[in-house]
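Going by the order they are written in, the chains are A, B, C and D; count residues from 1 in each one.
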Amino acid sequence: MTATRARAGFAVDQKLILIGLLLVINVFFSLASPHFFAVSNYFNILKSCAMIVITGAGATLLMMTGNFDLSAGSNVALTGVVYALLAQAGVPLFAAGCIALAGGTAFGLINGSLVGWLNVPPFIASLGMMYIGRGLALVVSDGSVIVDRIPPSMLRIYQGTLLGMPYLAWFIVFFVAVFMVIQRRTLLGKHALATGGNRNAAFFSGINTGRIVFVLYVIVGALAAFSGILTAARSGAGDPRSGNQFEFDVILAIMLGGTRLQGGKGSVIGTLLGALVVAVLDNGLNMLNVLTFWQSIVKGAILVMAILLNEKVMAGARKRGLARASA
Amino acid sequence: MKKILLAALILSVAVAALVLVGCAKKTDEGYVGGKPTYVVGHIVYTMEAQYHQGIAKQIVEYGKKMYNAKVIVLDAQGKDEVAMSAVENLIQQKVQAISLHYPNTGLTTAAIKMAREKGIPMVTTLIRPSERIAPHVQPLEGPSSQMMGEVAAKQWLAAHPGVTCRVFILDFGKFPQIEEMRTGAFFQGVKNVDPKAVLVGQLNGFSSTEKSMQITLDALQKEPRINIIFGGNDEMGLGALAACQQVGRGKMKDGVPLTEVIAGLDANISAMAQIYNPNSSFKLTHGAVRDNAIAEMDTMIGMITGKIDPKKYAETQVLSREFDYWNSTMEEAQRFLEVNYLFTGSLKDEVAKAAK
Amino acid sequence: MSDEILVEVRNLQKHFPGVRALDGVSFCIRRNTVHCIVGENGSGKSTFIKTLTGAHQRTAGEILLGGRPFEPRSVGAAIGSGISVLYQELNVVDDLTVQENLTLGKEQSLLGFVRKPRGLEAVKEILLSLDPSIHLGDMVGCLSVAQKQVIEIAKAVSTNCSLLIMDEPTAALSEQEVGRLFAIIRKLKERGITVIYISHKLAEVFEIGDVVTVLRDGQVVDTLQVAEISRACRDVPESCLRIVRLMLGKVVVETYVPRPSTGPARTLLEARNINNTKLRGVSFELAEGEILGFYGLVGSGKTEVARVLYGIDEYEGEILVKGARRDLRGVRCALGAGFAMVPEERRADGIFAGLSVRENIPMMRIGSILAKGLLSRGKENALADRYIASMSIAVRDREQKVALLSGGNQQKVVISKCLNREAEILLMDEPTRGVDVGAKHEIHEIIRSLASKGRGIIVFTSEMPEVLHLCDRIVLMHEGQVGEIVANGSPAANSDHIMSVVAGGR
Amino acid sequence: MTAMVSSAGRRRSMDVQKIILLAILVGIFVFLSLAAPNFFAIRNFTNILMQVSVIVMIASAANLLMITGNFDLSVGSVLAFCAIMHAYLTKQGMPIWASILACVAIAALWGVFNGVMVGVLNVTPVIATIATMYAARGFAYLIARWDGGANITAGLPQNFAEFGRTMLFGQVPIIILFMVVVFAVFFFIERKTPLGRFSYAIGGNLSAARLSGINVVGVIVALYVLVGALAGLCGIIQVSRVGAAFPNLGQGLEFDVIVAIVLGGTSMMGGEGSLVGMLLGALVVGLAANGLNLFGVQYFYQTITYGVILIGAVLIDLAVHRKA
């Protein structure tokens, strides 16, 4: 039967494009810049996109249900500030981290309740929370960077390494793995896909779609909070202005990875690849000492190209009868 | 279909590549003996502001001329993550020294330490890091800001005896050091002249002329008696001016303030053109571009050659030159612009145009 | 045992603002029977189902399930108590495999991890017994409508439901598939499952039903034993019309009346040797004032012909309109060439549900309501009223949202929209699908009158009665080729011959 | 849960939402007139209108676009691009009228670019317009740089700067006139022209629209062009108001626009919405901002209020529906 083949083919193709794209730009940069092709630099790249991947891993599942979270960036800032404030107040870092995490999770909880239970459109709910969160971050920090009396050990999460690999890289591996499993092997993953694929079907199968969405928002909130802690750890300070436009980088990575805004099929790996493409571009372009304004233009071009190729693949998949060919 | 994919892929990547090479090329020529003696990095808080672009240009120019040094300029785009990966990026590119301007004081400290581990000395500028462990270049903004405040108040009171100074300030949203060196100092200056002076309001102008205009409009609505406005940088000052003119104010008669006095900061061309226009009420600014850049460059080279101890906090202070309609001549301004902003035109003409 | 009452409905009431959708419905459903519910669109059938399955909360009355009062608060609750529904819009997830769909919502899991479901053999067995051509690993997105239905049925069965409700399950099926579905329903009966079967098609009621309840305007007209009626039919054919009369209050008997041909008609359309991925060497002609029927099983290529003529699919070959060769690339050139189509999927491709009747009708020829290049409300209203009258569309007023109309009236709106195009050649893909008997009759009348006005009409249908009643000539499709073209009324135009052609090519 | 019920519900919601917005508007209004200093004054109302004018102008076109189920995140960047372009050209001595035409044309081209990507190549609007957003902003900075700075301020013809601040009858800033005109035009388009009707059709049922022979691609491209052109025009107006061109003009504008539209009851899925609702939405936001500035509230709290209004408005709306 063609069906199974079609499915496999589809999945592979789409990843292949990103992988191919990655290879090409990697080769290009390696040739163009003497400093690019080095383990340490790849660690830099991983570090620079760690937060995006970590949050994106969960957000991918959320987008598979047809929802998204614009408040992630504000959550990052708020959590970071709270974390720093607690640390400043002398709370042991671990405890402070837990409290901050709880706070960020609560943030996701509100998002989840608004969208999952009260049926507020995700755009409005999370955009509103984006403003509120940003505002709160500025209020609690009184708009200034929280840095005095912060124990230097805070930096360790960001700068430390394990077996020669930065913690952040390990985190990427860990979270991507976890959420791959969740996506492929768990009820949550299946039901998320069902919710986005055909809400009625999910509903009639007795799946509580509201709860799925709610849970995923909470998860994304927690992940964003964790990213917030990492952000604070990066500078050893809580900056209420950090994580600005973070949510876009996340959504961009997810969509590059081939997950549709409308929900349905999606893949965590795709998100990882998408984030890497952007990160490698940023890093490489800086290596080539390209003027920042050109960088943004090139970035735009590459984005469109990647999506175009995705579309082509989708179309191909459709031709092979994956989706119902409609006029 | 596969063919189409491949073709599209290769084609578009190729195009992108060409663009890159195209703009990467031109930075790498004109060094004595074909290659630079030193390679250093300079991280800009954001290339959006004319002031910061100005400094960047100066460092590149001066570095090349003076030390045959190549300066890699990276833009932090006002984002922590970008700033940090910029530092990592420079370390990766094995530069010999880095100069960094970023308002997150914690991040700058962390960056200094990170670079130091890799044996790369770093100098900070404009915003002092949270820990004073490395050389720092600081324009003396405080005194100049205060002086501007005094001049503004004097001029206002001279023209309107007995009318208390009502000050409105546009800032970047509460940065302590900005408070200390710019907004606070300015208001202090006003108070020195007019003890009864009141601060009507201080709001974030997001260093955008557009937003500053809107906010100033609201401020003037709230308190029409505002008569001294200070913009945390020239962009905001111009916004304030635009707002005043929108509501039929912003006027002077041969330097005699009719409606209010506006001050900015950075001393860039657009500000100067208004300052020497006898009819507009934007009249004061101050700034240091070239000297700041020179100090940064010298410090970096000094640290590389071992003349300066990269682990010791030493503040190189540069004068932030104050300009106003009453106490500084257009010729001085012309020279300042030429030196600092590589200005090639003639200020006189600009003013003439603006005054039309 | 089989006489035991499974569901008893007593004076069920459901009121919506302004409407009494159900107005005191009472009847019994016996265990292990196929209980048909018939009635026009808007007679309250779907409302009844929704109340029974907890999608709606009843206003008054009571339902007894197996003797005990039954008050489903939610769809979940209804499923829990063994009631499953097969809705018209299929509720399967295309992105999941057959197996994942079958187990969706009741996966065995350990700490949230999906386990290899244990009861799989059971499901597999059910699926096999229903349709062996479906494999557990297939992506549901690649299956046909019928197959998706089977999956839903299998799912219902595997949730060991005792009552399965089918809401017009044959709407999207070809006769062959209908046959298979009925076989499945019989199997279900063997499994001791009671089926509530909702349909417009009396033939189906006779074939599969045990008991039939007739609804009209939210009230029960009568509940009858199908066996009795059919016996009656055998004895006195007229009494066969009794049930029809019950349903409509008026009699509809359709038989083909060859219309007097007004001399040698001009050829409107000529297709020569059309080929594409699905079609092989299709050629036919359409004369002015002719109703040409395309009949065939699903996959026989009749829909593909429609798509080619309407410029949706690519093709090789020649298409001449009034003798002039036209190259149909894209819907807009097809429209330009004088075609207009009533699409098969009314909801998906036909109506603008959110817009009013007034706004829907002029969509295909906005020019018809323009005055000096601007929309003229006056013209628009006039146009809408004209069609509401001529098509006797049942609406509150022309401002009513099409979404709120019954299926039949929605279809009429779609047809009006198409007619307003004033095209010479009308392509009608399943023009009466999901339309009640009364509306069906009216639509047929409309088609005939259009033909008599000299339009050329091509009807693509999977209902043999429709072809036989309506069309002057019938193109029998088989595996993408024209099997045979029979003139209606000729001896060749009998169901046996037709079936043999479409099924076997010869 | 069937298409019928939900869509019916949404249609009803439209008017309800407008009423709610109106209520909120009046509420804020009354509160401010009582509490805020100098709020209740003609000049302040012109002031508020002046501040929402750019948003309203662009949103007038963007509203129709969103009714088709698409949106444009690049308006802010295109605005900046045209602002800089215009400044650059006039500085090079091009006559103002010519430069205006040229810039609006270029802005329209950005629109074509978006429209083709979305309408023809089926790139999802998010990615397509974000890409344009990056590109246009990038070029804006580059042009400024080629001119030798981070912005173009010096050397602009002064009389043009004056023009943007002209007061009609000494009371009404001319930009408000522009706003009224643009709004009226699009009100007309929405109600009276095929373009408006087709937008609803496309948003309501894309495939039905195609099969009805509506030129879907044409409509979408046309709307993107209109949005782009208006963004460009606003850019030029801003230059003339501010008296200088900055590449960071219109930052975050795309959001203010979308928020105004969505607050006004246009669904992001398309198919429904109205210009009047959008205007109310924009006014709510503008009024709130103005009030908070009058109180001299730090922008920290302003952002919070912004979010609360957004969510609050929708929640009230939903609550009302629960009852209805």
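By our rule, a residue touches a chain if its C-beta (ideal position, glycine included) is under 8 Å from a C-beta of that chain, and two chains touch if they have at least 3 such contacts.
Bear in mind that the values here come from a model prediction, so they are computed numbers and not experimental data.
Where touching is counted per the definition, the chains common to subunit A and subunit B are D.
Traced through touching neighbours, the fewest hops from subunit B to subunit C number 2.
Centroid distances built from C-alpha atoms place C farthest away from subunit D.
Among the pairs C-D and A-D, the greater number of C-beta contacts is found at A-D. Centres computed as Cα averages put subunit A at a distance of 45 Å from subunit C. In this assembly, the C-alpha centroid of subunit A lies 29 Å from the C-alpha centroid of subunit D.
Distance between chain centres (mean CA atoms), subunit B to subunit D: 31 Å.
Listed for subunit B are residues 47, 173-174, each touching two or more other chains. Each of residues 1, 141, 145, 207, 210-211, 298-300 in subunit D touches at least two other chains. Multi-chain contact residues of subunit C (touching two or more other chains): 89, 331, 343, 348-349.
Viewed as a network of touching protein chains, the structure does not reduce to a path, ring, star or complete graph. Each chain pair that touches appears in this list: A-B, A-C, A-D, B-D, C-D. Residues 1, 4-5, 8-10, 12-13, 15-17, 19-21, 23-24, 27, 47, 72-75, 77-82, 84-86, 88-89, 92-94, 103-107, 109-110, 113-114, 130, 173-176 of subunit B are the ones touching subunit A in the complex. Against subunit A, in their complex, subunit D makes its touches with residues 1, 117, 121-124, 126-128, 130-135, 137-139, 141-142, 145, 207, 210-211, 255, 258-259, 262, 267-268, 298-308, 310-311, 314-315, 318. Residues 114, 118-121, 123-125, 127-136, 138-139, 143, 200, 203, 248, 251-252, 255-256, 260-261, 291-297, 299-301, 303-304, 307-308, 311, 326-327 of subunit A touch subunit D in their complex. Contact residues of subunit A toward subunit C in the complex are 1-4, 6-7, 185-188, 190-191, 193-194, 197-198, 200-207, 264-265, 321-324, 326-327. Within the complex, the subunit D residues that touch subunit B are 36-39, 41, 43-44, 47, 50-51, 141, 145, 148-151, 153-159, 165, 167, 173, 238, 241-244, 246-251, 289-290, 293-294, 296, 298-300.
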